[in-house]
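So, here come the structures, one by one.
Common to both upcoming complexes is chain A, partnered first by chain B, then by chain C.
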Partner chain A sequence: MAEAAAVERALGVLTERLDERTAAFLNACVRCGLCADSCHVHLADGDPASTPVAKVERVAKHYRRYHTLLGRVVPGLVGAEDLTDAALQELVAAAFGRCTLCGRCALTCSVGLDPSAVIRFGRTMLLAAGLVPKGILANRDAALETGNNMRLSREDVVETIQWLEEDLRQTLGDPAVRLPVDEAGARVLYVLNPREIKFFPLSISAAGAIFHAAGESWTLTSTDFDITNYGFFAADAEAAGAISAKVIERAEALGVEELVVAECGHGYRTLRWEAPEWLGRAPKVRVVSFVEKMAEYLADGRIRLAPTRNPLPVTLHDPCNLVRNGGVIEEQRVVLRSAAAAFVEMTPNRAENYCCGGGGGLLAASEFAAQRVAAGRIKADQIRATGAKVVTSPCHNCIDQLMELNRHYKLGVEVKTLGEVVADALVPPPPVA
Partner chain B sequence: MTLPSLVLFLAFAISLASFVVLRLGLGRRVATPFAPPRASAAAGVRYAFTTAFLPWAKESARQHLTSYVAGIVFHGAVFAALGLLVLSLVHVAPPPGASTVLAVAFAAGLACGLGLLGKRARTAALRAVSTPEDVAANLFVNAVLAAGIAAVLRPALLPVFQLVGAALLLYAPLGKLRHMLFLLTSRRYWGTYFGRRGVRPSPRQAAGPRG
Partner chain C sequence: MRCGHPRHDVCGTGTTDGPPAGRPGDALAPPRAAAVGPQRAERDMAEIEIGGRTFAVDEEGFLQQPEIWNEEVAQLFASSEGIEAMTPEHWAVVKYIRDYWVEHGTAPLIRKITQTTGLNLRTIYQLFTSGPAKGACKIAGLPKPEGCV
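Coming up: the complex of A and B.
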């Protein structure tokens, strides 16, 4: 029976793949429920099944059944349950439909465990059972097969960049501006989210303008440029490692010093923090976020900004993977204070900011679209409370969700990447004599 | 050594050995990270075991101050009771006057323990995740606190306290009370994760613009 085999495979993960950290978390949770109000999904729907602890329990009850004495002998006493096909379906609803793996609950847990790590482990069990949403798997497979999740050909990329370069020269009135591609020996390789090429090319132009103003030696790449990682969302460490390896190896082959990751929260997190663990080695290049790079340029006086060019009040959405799970927290603030006349913080913000609702790969899981938008109500309320007219976020994934929230909740704001806000405020460098 | 003292001593030994076995069999060790740190893992771990316990450190404590205080009082009383059980093995009596303090502390712990149990029963989100053992473990610990009150007010009842305490020690590695060990491992991993990434104790400051 197909279901029985799926259950067996998921059980195999529970037995063989559990590491000390996740097992400690599973044993440490006391079901105190103090994490409940930290989760945007639960705050939005009020459903007891949406609390972080309820999602942890979707894994923990099976852990107790198969890995603890009381769970084996008196399962009813300790709430231990057999893993069944129905239980796996409930785990899908919990680990995908109700969780973006944003990790906010980890900051509030009374014991000091990370519920999102347990829920991610639940996704690994689902991967083995063949129950990861198809949209996430399709993007993972596209990246593995073609080097990017949108299956863009090398020609698509090069043509788009050439067109953007022409356009940027006209916009800036500077024929010296370049969007270099595949230039070995450049100091910086700038890698992208493929959606930028297809749908948001202006964010590439913005980056080009900033690199140009900073006088950076940089290049794009026509292959292996995709910073997104749906292997990560599928909790498929092997695939995630292979996807990240393509980008890191491309940077190493080009001989750059720095791999600058465009505005993508999970792209930064995977390349900066997770890939070295998947690959078993540190990259030979420094992995840095474009946000950090812009802050460095400002600190070094390599770019100058005129905040009056962004006169409307701007608020900032902190991407969970860049901020809470990535540690890039203050740089975007330094940048925004220089780039916008009025920067208004959301409440709460920084590491305690709420997820926009579009994390965890949910934008690719159409079966959960309604839940995703409903869970985004907390973010919409946060935005509305700031009174800002512009919302910026250094993450294309968040930008997609914020644009949808803008339409759905009628927020009446403009949604922009941080690079676009900075590019709008750029004081052009003096022409080269 | 009295029989209850012997039973208590053996319970301590068995409990400790069981915890060691549990800890060693926890799962595959996590490899030393390869990603270069952004900040200090050690600082994160120090934070996890110190400042992170303060009521203003976590949103959950700030929002649920009553539960936070009840939890602190409850756990403080449990540790005091365990300390008293250890002292009873080495025949050290609490100093004069301490009995009243201990009785009050145990009573406060008992009240808080029962209060937390009441909250579990009243709150829908908690009921949804509660198991019979959540109730049993709470009552078990409260029984020890009650026996502790009896023992400090009536020293003749010390053997009862010792036997109830021994039963709790034997039970602890089996059920949710094992969190007393795994909390330590969890916090170490938690502190390492957020410390290395520069999220806790505090974010790395970024230099301001020049020029």
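Coming up: the complex of A and C.
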């Protein structure tokens, strides 16, 4: 239950911090409803409250009340409503429970607005009211306090990477393979999702094998390596900027030319596209996705792949923040066609792909877990229709949701990162003379 | 009977020496656990029934009363994860995670799990198809770990 002061704080955001773009969107929506069937949540639950237009309206009705003349004078006639505690509770359900900010609705909008920008603004109001789901805030705070969202220590990182390096040397039978850490002078800094260190390190080994095969000069970092950004999901621009700044400043301090972002949709989007806005400057390094990097190595002939080593049919899930909102669309396809014998597209795909259901920070918002899995039915149906035995996605967040969908909907597939698929197909480089 | 754990009140081995003072494990839990745990419990409380017993869990099925955990509870949670019979390998992973959490208030790194149990990384993923966090940690009666899991 939000207190009166919390409602006041949310109202303060609406009346004083409304940006022109969001205000234009709030004015422009004609409530035509064309966006309804673009949304995976609405397709899954059929509830009118899940349509993008209904979610936008949760913010717009208060916008009209406090920002328009008719809304102030005759609110009842123009659908304007006071911002109340009850309204904020409904906004939590709309802006988190029913929305992953995937942005698919923007493709169908008849007047060209981006509903997810309005819903994100709703999240900023909820942030002021203290109503953002606690799991999202806990991850944000862990990153601000310790430099990563799982509170990993420097030793945790270093010891895990040393252990992985030994294992990788044995697996590849190549004692020259290295997983370098904190090496100034490297050309590339490769940054991670902390869950790779803590629970799922095979993707780090895969990246190491690929960098080694490409002959890249690269390094990992034991501090400020976390590419996730729960400040972004909390719509907390200040925290989001601070979190992104740590990673970019670490790359600049190491003096690398390129910051290569591991497979994480929102990590790429924030570091590549949002961070310059938050920092008020361009990074001094080139920010690039590991997906783009693999495509570059292939195009330049720096890695060779044998697709027969991945004989099972593979399908690809496009992460919203990397693809629709990040612009990395064809590279993963180029890579997969070289890495797998049978690559099957799901329908729809590319920028029109459906969200897996776990975006927008929802994986950390336990209170919406049941809704998250239910909304994932659209993705599960898409996967099943391909007949693929392997699902790959260049996003650890999507991977976690896909693993859960695999179990819940009994899809019987294997879920892998793109790097793992590529590493499995690597033709070892000729030994250095 | 005491097991020697600093957090014996929640470790699940043997019996406790009477009701713990305050919330279980408060004194030894890290600040994060103390600040987040109880709030989550109040907000997300739900119940599931497994094998005729009812458990308070969060919305993702993680046990909310860590002090009631024991091997029987682990077996019941395992069955709800699709593991019909816990093998010695399952137990080695689950008991290590449990002991580590009792001592440190957080789940161990997968590196420590493989090095302590001697099990191969891929074997652990096969043993717990929901993964180390949503599978093994849940069976070990831990709250949901932070991060993208």
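Some notes on this structure:
In this text, the second predicted complex is superposed on the first by the 431 of 433 C-alpha atoms of A that agree within 3 Å, B and C clash if a C-alpha of one lies under 4 Å from a C-alpha of the other, contacts with A are read in each partner's own complex, and residues count from 1 in each chain.
Keep in mind that, in the parts below, a contact is a pair of C-beta atoms (placed from the backbone, for glycine too) under 8 Å apart; a residue touches a chain by one contact, two chains touch by 3 or more.
Only a predicted model underlies this, so the values are computations on that prediction, with no experimental measurement involved.
Once chain A is used to superpose the two complexes, chain B occupies space next to chain C without a clash.
Once the two complexes are laid over each other on the shared chain, residue contacts for A:R350 go to chain B alone; chain C is not touched. Counting the residues of chain A touched by each of chain B and chain C gives the higher count for B. In the superposition on chain A, contact of A:T22 is made with chain B only, not with chain C. Look at A:A4: by the touch rule set out above, it reaches neither chain B nor chain C. Judged by the touch definition given at the top, the superposed model places A:G76 against chain B, while chain C stays out of reach.
In the superposed pair of complexes, A:A106 makes contact with chain B only, with no contact to chain C. Seen from the CA centre of chain A, the centres of chain B and chain C span an angle of about 140°, rounded to a multiple of 10. Judged by the touch definition given at the top, the superposed model places A:G301 against chain B, while chain C stays out of reach.
When the shared chain is aligned, chain B comes close enough to touch A:C32, but chain C does not.
Figure legend note: chain B and chain C, brought together by superposition on chain A, show a least Cα distance of 25 Å. In the superposition on chain A, no chain A position is in contact with chain B in one complex as well as with chain C in the other.
By the touch rule above, chain A contacts chain C in their complex via residues 134-135, 138-139, 142, 149-152, 156, 159-160, 163-164, 167, 193-195, 197-202, 228, 363-364, 366-370, 396-397, 400, 403-404, 407. Of all residues in chain A, only 17-25, 27-38, 42, 48-49, 51, 53-54, 57, 68-70, 76-79, 106-114, 272-277, 279-282, 292, 295, 298-301, 304-305, 323-327, 329-331, 333-334, 338, 348, 350-352 touch chain B in the complex they form.
Residues of chain C touching chain A in their complex: 32, 36, 39-40, 43-44, 58-60, 82, 106-107, 109-111, 115, 121-122, 129-134, 144-149. Residues 22, 26-31, 33-36, 38-39, 48, 52, 58-61, 63-64, 67-68, 71, 116, 120, 123-134, 136, 174-176, 178-179, 181-183, 185-187, 189-191, 193-194, 197-200, 203-211 of chain B touch chain A in their complex.
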